[in-house]
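Just below sit the structures, each encoded as structure tokens.
After this come two complexes, each holding subunit A, first together with subunit B and then together with subunit C.
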Partner chain A sequence: MVGVVFVWPLAVSVAASFTRAGVPTLGNYTTVWRLYLRDVGYTLAVSAAGTALTFALAIVVCGWLRVRAFAPVEFLLKVPLFVPFVVVGHALRVFLVPWAPALAGSWGGLVLALAWKHLGLAALLLVGAFRAVDESHLEAARNFGAGTARLTRDVLVPMSAPSLAVSAVLIFSSMLASFSIPLMMSRGGGAQMLMIDVYYRFGQHGDFETAAALGVVGYLMAMGAALVYLQRLAPVKRP
Partner chain B sequence: MLMRALVLLLVLVVPASAATRLNVAIGADVNVVEVHKTLLGPGFKAQTPDVELNVVGTGTGEPASRAIYTKIRAQADAGRAPWDIDVALVSMAVASQMVKEGLLLRYVPRLKNAALVKGAEVKEAFGVNVDGYVVPMFQNQIAIAYNPARVAAPPKSFDELTKWVAANPGKFGYNGIKGGVSGVGFTMGWVYWKTGLYKQLTQGPFDRGREGAIREAITALRDFNRNVLITNGNAGTLDALNRGEIAMGVVWIDQLVAWKNEGRMDPSITPVLPAPGLPIYPLYLVVPREAASKDAAVRYIDYIATPEVQAKAIVERFGWYPGVDPDKVLPLISAKSRELLFKGVSAEDLARYSRQMPIKEYHDLIALAYEEIVR
Partner chain C sequence: MSRLITRAAVLAAAAFLVLGPLASLGVWSLAERWTAGSPWPQRFGLKYWSRMLTGDFLEPLRLGLVIALIVTALALVLAIPLGYALARLAFPGRALVLLTFLMPQAFPQLPVFASATREFYRFGLAGTLGGVVLVHLVGALVFAVWTMTAVFRALAPELEEAAWNLGASTTRTFFSVALPLATPGVAASAVLVFLYSLDEFTGTLLVGAPFVTTLPVYMYTASQGYELQIASVTALVLILPGAVLLLALDRFLKSEYLAFFGQL
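And then the complex of A and B:
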């Protein structure tokens, strides 16, 4: 089953990326190198900045929520989970255009929209991870006079580091693969997110082969992040 | 794309009750789908009661036409007949590819209105001989729209346009080549103007020796773009014009007229067609080679090609230019529609400055140069 629905299509698209009109070639990757190298860097940078912004916000809010549980805020924080990507892109664009038109179409606007959308997922994962930290540790720190910020920085974050790392990998991979938000927010020129390039190659040019090569580059980028995730999942061998 | 093809498949396999079922796949926006569902379909059914229409839209832009192509290509590759699309509305690029690959029926000679199907674009598209395979449902012209309150003298030529843009940085917008065909068309118009190679680029044969001139033109476009706002699509340009973010922009005339009709656009925004012109881009009605209901398909297209239907449904209702012989259609439209249609861009302008898209090899070469140089 896994072979049919996952491995087979993956293998077909990887194979397609090494052919052109049925002839084996590396030409599609040359095209990616020549035309889309900048976009690969841009995609990595936007995803990294988006992940960083998401965590900068989520850690502060989730730390506060762990220390003083407040259900309405927690609920609000998770709302983005249920808002479709296209709606987020459209809403942020409509929101930003009147007073910051330059930001709406720039990488900054994109990072903002991606962070907004992923805040819900980050909150879900982080609140869970922070709640897994035993209350006795917090009590001990409080006895020495630690406030919420200090508790978050010196107790919650270090003790949840493995879960935070896994969450970061998931969110980073999701941003790498984002399509609807960049489609709604980007302009027709300048650097683009990689999935927009994939769409452009086959949508405008019917060029499935270069689109497949771009897809493989996307797999590889996500794979780097996934390796970290898998390492975390692997059972730790103790001496 | 796959999802679109699946949806298309699901919709098309729903069993029909009427004697003849006509599956019509529309590779265009919802407004075009609506014309078929609410105007053309019922009108045709009144004449031909034994035919039941099943109209399906596949999305917008080139990908919509590609979804239709992918489905027909897959059925052809599977070697099974008949195919389940009887009439399709596809872009010039996809229609020419389908003719080249032998996927279409040469049906135009069977039309009663065959004599009305005329013009360069029904003979050749992207360098492929499409004669007999296509009927444009309507013509759509790319033009430059401007706000008269902010542009005293609209540019009559590309030369004047570049001067205006240099004097008014950031006040001219278009959507690049990744945001829709109006930007692609503007780029082609720019290359025609800079290289002076319109005839060669549209009629071929392909000569790689022209690459230098093309790249030079695109380099000039890169410099021009420094003072230009690149919008995020055809609608994005109209939106920026409406908000006053830009004073001039590249638009589809039909979209401008439609937005004005819906009250979504400042009615004073006017189109102009500067010399040496911008491309016109028809959407073609085609019949797949192995369509199940070929006869009904041909009759339906014949109905759409009737001058009265063109005048009422295509021109008056939607502000599109007629797909068939304008000499036969335009005398039938009202004075008000005529004024709206030709405000800013006269019939003479169209005759002089409507340009074809280049042949596929040059089209791809120009798009590639744009991606490499302008970025």
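And then the complex of A and C:
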């Protein structure tokens, strides 16, 4: 089933990206290079900023939660997990439009929305990773007078670095491939997220071949992230 | 004392950041008049909530529920035997099957669904209920197969071995031992798949257009027409099942279970 409805169309789109009107060509990729290079950079930059913001917030809050457990905050952090992507895009749009109109249609608003949605997953993974750090390490650091900030920076983060890296890659590639959040935030002009380009190229221009080439660029970026994931995976493999 | 203040401050900040955008959906859903530049609506009312009772809104809701029920039933029928096989039987290509069921999570979905839409056109599936069910099944099966494999793996194999020793066939063992024991897992998997289908947007937008409209697509159309109030009412309705699930699952959703996540 997944084979027919996912792997087959995936293969078709990769094949189509190398043809135009049935003739083999690299023309679609030159079109991508000519028209969409800026958007590729924009997509990478927004995803990197979104991941950085997500983790900046998650590390501080989860470090604090690990040292001083506080259930209400932990519960709040899980809320974004259960809000659908489309709803997040719309909610952040109507949140920003009246009270921060300058942010609403900008890359900053998009970064905020992506970070909001992914904070749930990041917090779930980080609290878990931090709790797996043995209490005795924290005790030792406390005896030397370390506070919450020092405990987070010098003990929790270094000791859960493998889990942190894996979560970051996961969230980064999810942001790269995000479609419904940028679509709902509806940015009029300027640089766009890659998936928005794929949608308009396919839907409005009816240009499946170039859309497919843009898609392949997306697959490659996701695979790049997956490779980092697998490399990180190797050294922590348990027997 | 200072610890109490820190706690209150962190709680307030988290509540504002997490609940602020959701609360603004509530404000918008009640705003009958709100001109640009004004920080607050000029007139509140239930006008847009009453629009919920019209066919405009009820038809996408009904259609979404029908699709979610069909998707859940099909996903379970396929995923239960497959999950059992993946958990208990050693067969060639087992790792490949598991990896295939991870692909839709790892790859950007949109270009693949665009390609699927084009293929569906050739078979007359684009714009039909069947096409939307098929595209939902991709994501649904990812959830269902992985959760069912985990559920069957967590069962003690001794119980099934005992049944085999007493002469029961693999099929009989499955139906009278493994499946009844896995019922809570099956129920959890069903809830996840049902919610996934109800909230699915990308595939429905591409494959369903222009005839199959579910609530997420309806919400998108409304927001593109600057009917932000209608879209906000729809958004709040879409959040409801997730909120119920969050409250019900909070006890089970423990971060500790995910500590070794991704480390295989």
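A few notes on this one:
As a working rule, the second predicted complex is superposed on the first by the 225 of 239 C-alpha atoms of A that agree within 3 Å, B and C clash if a C-alpha of one lies under 4 Å from a C-alpha of the other, contacts with A are read in each partner's own complex, and residues count from 1 in each chain.
The rule we apply is simple: contacts are C-beta pairs under 8 Å (C-beta built on N, C-alpha and C of every residue); 3 or more make two chains touch, one makes a residue touch a chain.
This one's a predicted model, so the numbers in the text were calculated from it and none came from an experiment.
Three-chain overlay on subunit A, with subunit B and subunit C in a clash. Contacts of A:Trp33 after superposition on the shared chain: neither subunit B nor subunit C is touched.
In the overlay built on the shared chain, the residue A:Gly105 is in contact with subunit B alone; subunit C does not reach it. Considering which of subunit B and subunit C touches more of subunit A, the answer is C. In the overlay built on the shared chain, the residue A:Phe202 is in contact with subunit B and with subunit C. By the touch criterion defined above, A:Leu124 lies against subunit C but remains apart from subunit B after alignment on the C-alpha atoms of chain A. Of the two partner chains, both subunit B and subunit C are touched by A:Ser186.
When both complexes are overlaid on chain A, the residue A:Val5 reaches subunit C alone and has no touch with subunit B.
In the three-chain model built by superposing on chain A, subunit B overlaps with subunit C at stretch 207-215, while the rest of 153-161, 189-197 or 207-215 show no clash. Taken together, the two complexes place residues 97, 184, 186, 199, 202-203 of subunit A in contact with subunit B and also with subunit C. Interface residues of subunit A, counted against subunit C in their complex, comprise 1-3, 5-10, 12-13, 16, 61, 64, 68, 70, 72-88, 90-95, 97-99, 116, 119, 124-125, 127-129, 131-132, 162-163, 166-167, 170, 173, 176-177, 179-180, 183-184, 186, 195, 198-199, 202-203, 208, 211-212, 214-216, 218-219, 222, 226, 229, 233, 236-238. Across the complex, subunit B meets subunit A through its residues 1, 61-63, 66, 69, 93-94, 97, 174-180, 183-184, 225, 230-233, 236, 243, 245, 364, 367-368, 371-372, 374-375. Across the complex, subunit A is touched by residues 3, 7, 10-11, 14-15, 17-22, 24-25, 28, 34, 38-40, 78, 100-101, 103-104, 106-116, 118-119, 134-135, 137-138, 141-142, 199, 201-202, 206, 216, 219-220, 223-224, 228, 231-232, 235, 238-239, 242-243, 245-246, 250, 253-264 of subunit C. Subunit A meets subunit B in the complex at residues 34-35, 38, 97, 101, 105, 184-192, 196, 199-200, 202-206.
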